[in-house]
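One chain, chain A, links the two complexes that follow: it is found with chain B in the first and with chain C in the second.
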Partner chain A sequence: MIDKNIPTDLTAARHLTEEVLSLADAAGYSEDDRFAIRLALEEALINAIKHGNKFDPARQVRVSADVGNEQTTITVCDDGAGFDPSAVPDPTADENLEKPSGRGIMLMRAYMDEVSYNDYGNEVRMTKRRCTGLPHLAGHN
Partner chain B sequence: MEEQASRLKVLTEGDVTLVELTDRKILDEVSISQIGEALSDIIAESDAVGLVLDFTSVDHMSSSALSMLITLNKRARQSNGRLVLCNISPPIYEAFTITRLNEVFKICADRSEAVAEASS
Partner chain C sequence: MTDSSHNTPLKMDVTTYDDAAVLVITGSVSISDADRLQEKLEELAAERTPVIVLDLKEMDFICSAGLGAIIVGHLKCRHHAGQIRLACPAEAVRELLEMTCLTKLFDIYDSVEEALAGE
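Our next item is the complex of A and B:
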């Protein structure tokens, strides 16, 4: 179990990601599951640092990660003003396909089994159940 | 011709510039920005028609890297060039499919196919 504050810093985020992935590796998670956890955690941390804390070194990111035998649950909370995830435009809409942003949340939702935000919009909670592999691509031809 | 940059290995095959991405993980903003700038410079400075990006060494990418590729694709088109991607691992290709970017980019299975596509 990891439960700590990290600075608003990409290097700290990278170290935290490696810490979580080493726990998943030790727990015997598959390569596909570890790929999914890494991708979602990286996206959540970058969102917290860049969009939430706006690279402000006075702010911190709180991270908890529970790597269990059945599932991994990760919570990432920033000190920012929060946002409304439902207001993020669908990056797969024809008119947004070539816009260079807005894909992080979609990837987190695709690779994890559950993704939810608190009401304030500054905390994301993600769960990956073990051995569910890569996302099912039905409807994405 | 071969040139070794820090994160890129650049070769020329006929009228195609071939770039191998040498980082295993293309995740953080600083690295992505550096790679994007280097690739933009290659497009701006090159007389070659096509640019092939070879992802053989890459096993992780973030959405910011996808964003960088979208910008690069636009730059290539503005320069009347053609960007082709190849050797993308199945897990990363899934990310392209989920985001429908497989419809935006020309993606080939291997380098020879990509070079042929980029020079056509």
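Our next item is the complex of A and C:
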């Protein structure tokens, strides 16, 4: 179980990701599951650091990760003003394909089994059930 | 397993030809590496390279910021009617490209040779 604050810093985020992946690896998660967890966690951390905390070093990111035998649950919370995840445009729409950003939420939803936000919109909670098979796209927006 | 096995350091090697460049990407394009990839692609685009082939065979991970870096490169290349082509992505990366519909923007080839030839 990981439960800590990290600075608003991409290197700290990378180290945190390594820590979670080490736990998933020790628990025997498959390569596909570890890819999914890594991708979703990185996307959540990028959103927290870039859009939530706006790279402000005075702010922090709170992360908890429970890597269990059957599932992994991760919560990422920033100090920002929050946002409405339902208002994020579909990045797979033709008019958005050439936009360099805006894919993070879609990827979290595609690769994790459950993704939810708090009412304030500054905390995401994601669960990946230990399984095999392809990620799903249903209802990614 | 050590930390390094989760995040193979990003390595980029460029081979230039008369009218093309092949950028071999090895390792992970992680949250702290996407800027480097973008800088490299912008550098190649600034040289007005007509075709840039990204050899993805040894790239084991890419996040959305990395995908964004490739898109920025694509937009820069378009200024001189250049093109970015993707070659040999690993299965997980190919699925990611398909899921994000970036296969509509980029042609994907099974080998670098085919990507260079555009066939």
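What we mean here is this: the second predicted complex is superposed on the first by the 132 of 141 C-alpha atoms of A that agree within 3 Å, B and C clash if a C-alpha of one lies under 4 Å from a C-alpha of the other, contacts with A are read in each partner's own complex, and residues count from 1 in each chain.
What we mean here is this: contacts are C-beta pairs under 8 Å (C-beta built on N, C-alpha and C of every residue); 3 or more make two chains touch, one makes a residue touch a chain.
What you see is a predicted model; the values in this text were computed from it and never measured.
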{"item": "When chain B and chain C are modelled together on chain A, clash or fit", "value": "clash"}
{"item": "Touching partner for A:L107 - first (chain B), second (chain C), both, neither", "value": "both"}
{"item": "Touched partner set for A:R14, first chain B, second chain C, both or neither", "value": "both"}
{"item": "Touched partner set for A:S22, first chain B, second chain C, both or neither", "value": "second"}
{"item": "Larger contact residue set on chain A - chain B or chain C", "value": "C"}
{"item": "Which superposed partner A:L97 touches (first chain B, second chain C, both, neither)", "value": "both"}
{"item": "First (chain B), second (chain C), both or neither touched by A:E42", "value": "both"}
{"item": "Chain B/chain C common contact set on chain A", "value": "10, 13-14, 32, 35, 38-39, 42-43, 46, 91-92, 97-101, 103-104, 106-107, 110, 134-135, 137"}
{"item": "Contact footprint of chain A on chain B as seen in their complex", "value": "27-30, 60, 62-64, 66-68, 70-71, 73-74, 90-91, 94-95, 97-101, 103-104"}
{"item": "Footprint of chain B on chain A - complex, ascending", "value": "10, 13-14, 32, 35, 38-39, 42-43, 46, 50, 91-92, 97-101, 103-104, 106-107, 110, 134-135, 137, 140"}
{"item": "Chain C-touching residues of chain A, taken from the complex the two chains share", "value": "10-11, 13-14, 17-18, 21-22, 25-26, 31-32, 34-35, 38-39, 42-43, 45-46, 91-92, 94, 97-101, 103-104, 106-107, 110, 134-135, 137"}
{"item": "Contacting residues of chain C [partner chain A, same complex]", "value": "1, 3, 5-7, 30-32, 61, 63-65, 67-69, 71-72, 74-75, 92, 95-96, 99-102, 104-105"}
